[in-house]
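Following this line, the structures themselves.
Next come two complexes, and both contain chain A; in the first it sits with chain B, in the second with chain C.
Right, the complex of A and B next:
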């Protein structure tokens, strides 16, 4: 939670202001200072599991003490001096990416990121189990934020895995696929074929757009969202593009503006609605 | 009956003392987990039958009591006869008749049940004369072995809850904090953080409500300090917590204890109920208007849940994973509220400090590590068990005076302190005083008090491998450096122990460890490389021998040595041949024996039984 109190801090020798409660990452992102992250998403509470956003901090009052902290979690404080890149930070990030590459040698995202730090092949023993999951936990957190808690981490240590209860299709899954969309390494997959979405062992029937007939979202998700938001399910049953079109038409008719081009809906004009991609 | 005032507590103590003074003699049978496993309950039953059937309770004015752990577990079941302080070890139900007839009725001492000094081989009669006990100073363990943990009156008779009464009626919360600060008490769970300062920060925190918790999630291999205190003197923990709650202004608290400690859970639960009934816990404690209640939260046994933030998550019903503590838990702890969390031993020290005075505690130990510390002394020492000693005592005194030295007088090699993330210290460090800062400087740590002694037949590379395996299994897996990094460290050590070590492995371990220490999220990860770093620091030669010469001189890593029987030493007794599980030792009686190298699995059975140490590692 941020307050109105202004905090002055220094990042890489430049002076910035932020509000009390913001993290170093919040300020750095706002100012366009690059800090690599894998487990962070602005919509979710930070947890600091990937350790890639490590920065060095010190303070004039700390008697020369400096240390590494995760930018995503460290709350800014008055007079804080932050360094986002130096040899020590690069060494830590290089080792972390080297370790992640040993865990997921096949992950393109990790390969690319590791290469940026000069790691092309891991110097550690490669994982015997084939995976691209880095256990950042974003999928679990987004599912929790959504209010479903359908998936969770199971086990601990090196044997930890993102799991579904009793290895069965999770009963609380609504098929929204937020977990798949947020996954930084593309590990979680789903498949939309015709009117069916397959994810986590489920086959969800899709609700069709009442205007264009294209699939909008799984019926179960629609019911869930209508219940959570209190919105009319019929309102949700219109795909975002048609919904936009409808709004445009309403405005046109209200103000008497004539259409520039004719056409039944934007969908027919060849634009792929967001929900259809 | 509810005790409604300090005055009635004093009179309850007086009554309880008078009640106890009626007995001219008391038989104390240890019923701690170790002695229970050795059958001490059957001993209690036999005493009970013998006493009742012969009316000895009235005739001799004899009392029978089950107590908590005396600490000398390897000699159990233990029986102490007071007031003479006669100490019997390894007592079986069949010995009870003898004890009743000879000792209780005639006042004779039974030689065969006495403890025999490991070094002088002499029988010792008195509890207090046994070297294992003689050098100890018991504060946290003050009542254990003396009182019945299931009887609150026993605790009250031993001045129990007097510290609470004093704190509630004679001291302000600030004065209590001041006393704890002055005593120099530092957290006994491993961190060594000044307790008084922790309490003060929590008291000054603005948010409400506040919580006072007890960490009883003891998980170090070979450690049982907290278990023994919870089993043997649960009221001391409760009293400490109520005093702490008064000091910081908390109304609610939890004891987080692992499910694997069923007896401790049972005793704590019973103690909580008794304390509530007596008005020493819950609403309006001792009629002062102050209220504080404790619930027990049982943990599933994950080592990481001993870490403060993971523990609080677990108490709240979430997955027990630590969080970054850029904001400390004294400000934002359980349910994001200010929380004081102290370890069992710390809580047990608190009532003593209040009753006896902060100065008295501060006078013990060293300047920066005051008071006493409980250790579980295990491994290759003659006397193993639970000990409490003043801080500043040397490792040598603990291992050789209290512990009686190394089993079979073999050479000492190392002592591992501080639990799995502690370190191993060599002989050259034996004269170091045991305190928080000295142990850390030497590359190990105090931890919660585990102390594992190792002899020359322990391989230090293998030891590091063992502890890293423990940490790999117990890492929560949340952050990359700990989950992946410690796993890779362990893989390198596995390779070295297997004989697949490569030059440069040690340097690789060191640089990876550096990053794990710098980048891990919690203390488990940050301290996880300690076992390997401390063994590299003090036993580098063993690593080099493993990697460069493919040799394990301790005879542990099976691919890296063979056994040979020394022709000079072998007496031809044949014990080795009998012990060999694969029948690969040949030789006639009274003639030199020989090991067939091809068949030998290097299990070491021959070496363990050889009376003249003729089985050698080559």
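Right, the complex of A and C next:
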């Protein structure tokens, strides 16, 4: 939590102010100073698992001591001097990317990022298990933020993986697919076919819009969201396009124009959905 | 079209955040977010990615906070929220930070921003 107390610090020789409780990354991002991250998301608690946001810090009172810390976790303090890019930082990042490339040689995201730091091939033994998961844990944290806690990291060392309990479709998964949207390397996949969403071994039946019949969200998610928000489940059963059409109907009637005949659903009425998920 | 140019750099009407509806008899209507005082989208967001910009009054999506769960677009009773087809991030009218492109381009000055 941040407080109102102002903290002065220096990043790359420029002076900035932040509030107590902010991290180095918070201030840098606000000021448009680039710091590479893979496991960071503003809405979720930082854990510092990818180590790519390494910065060098020092302080006038530290007698010349310098250290490398993760910008996403380190809280700012008065007089702190931060360097976001120098040869030492680049060397450390190259090692991290070398290791990530050994784990996920096929991941395009990692390949691209590594190439930016001059790492085109790993100097370690390539992972035999084909994966693009870097074990950053964003999916686990977002699932927790949604209030489901369906997935988790399991195992240790080289056997560690993001897993579902007992390799069975997780009973707490509601099929919201936030984990898939947030995954930095696109490892988690879901598939919407007709009225079924497939994710984590589940085949969720989609709730249909009561007006146009298009899928809105999985029935299980709908029940979950209705329960959490206290909204009537039927309120959530109307797709955004039909909601907009209802607004249009209200205006039409205020103009004295007869409402469209029943059956003339939005999807036929020339309204283009931006993203009909 | 001004909207999609401003936000997406292309003139695709489908991704515009403001929509036009033709009612016939020369009665057309444009619709975009009402920036509700008690907004359903803000209430349902599990990660407070939707917040009001106090200077413009608009409810804005913090793209770095949005987790793409899609709940806000379902919760909006007027259907004014949508989602980016690629990243799944919520998309809505943000009044262009206080200088709406739609109002600036409207040739008949039907759209005004006060």
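Rule of thumb we're sticking to: the second predicted complex is superposed on the first by the 238 of 277 C-alpha atoms of A that agree within 3 Å, B and C clash if a C-alpha of one lies under 4 Å from a C-alpha of the other, contacts with A are read in each partner's own complex, and residues count from 1 in each chain.
What we mean here is this: a contact is a pair of C-beta atoms (placed from the backbone, for glycine too) under 8 Å apart; a residue touches a chain by one contact, two chains touch by 3 or more.
What you see is a predicted model; the values in this text were computed from it and never measured.
Engineer: After the superposition on A, what does A:200 contact: first (chain B), second (chain C), both or neither?
Structural biologist: In the superposition, A:200 contacts neither chain B nor chain C.
Engineer: A:155 contacts which: chain B (first), chain C (second), both, neither?
Structural biologist: In the superposed model, A:155 contacts chain B only, not chain C.
Engineer: For A:224, select first, second, both or neither according to whether it touches chain B, chain C, the two together, or no partner.
Structural biologist: neither
Engineer: Classify the contacts of A:74 with the two partner chains as first (chain B alone), second (chain C alone), both, or neither.
Structural biologist: first
Engineer: Look at A:16 in the shared chain and tell me whether it touches chain B only, chain C only, both, or neither; answer first, second, both or neither.
Structural biologist: The answer is neither, since A:16 touches no partner chain.
Engineer: Contact-wise, after the overlay, does A:239 reach chain B, chain C, both or neither (first, second, both, neither)?
Structural biologist: second
Engineer: What is the shared patch of chain A, the residues that chain B and chain C both contact?
Structural biologist: Residues common to the chain A contacts of chain C and of chain B do not exist here, since the sets are disjoint.
Engineer: Any idea which chain A residues touch chain C in the complex?
Structural biologist: Checking each residue of chain A against chain C gives 29, 41-44, 142, 145-147, 176-178, 181-182, 216-217, 225, 229, 231, 235-236, 238-248, 251-252, 255, 257, 270-275, 277.
Engineer: What does chain B use to touch chain A in their complex?
Structural biologist: Counting only chain B, the residues touching chain A are 302, 304, 319, 323-324, 326-327, 472-481, 483-485, 487-488, 491, 508, 511-512, 515, 518-521.
Engineer: Could you please specify the touching residues of chain A with respect to chain B in the complex?
Structural biologist: Chain A residues touching chain B: 47-51, 54, 68-70, 73-75, 88, 91-92, 95-96, 99-100, 102-103, 123-125, 134-135, 137, 152-153, 155-160.
Engineer: Tell me, which parts of chain C touch chain A in their complex?
Structural biologist: Result: residues 13-15, 19, 21-25, 27, 29, 31, 43-44, 46-49, 62, 64-71, 73-85, 87-89, 91 of chain C touch chain A.
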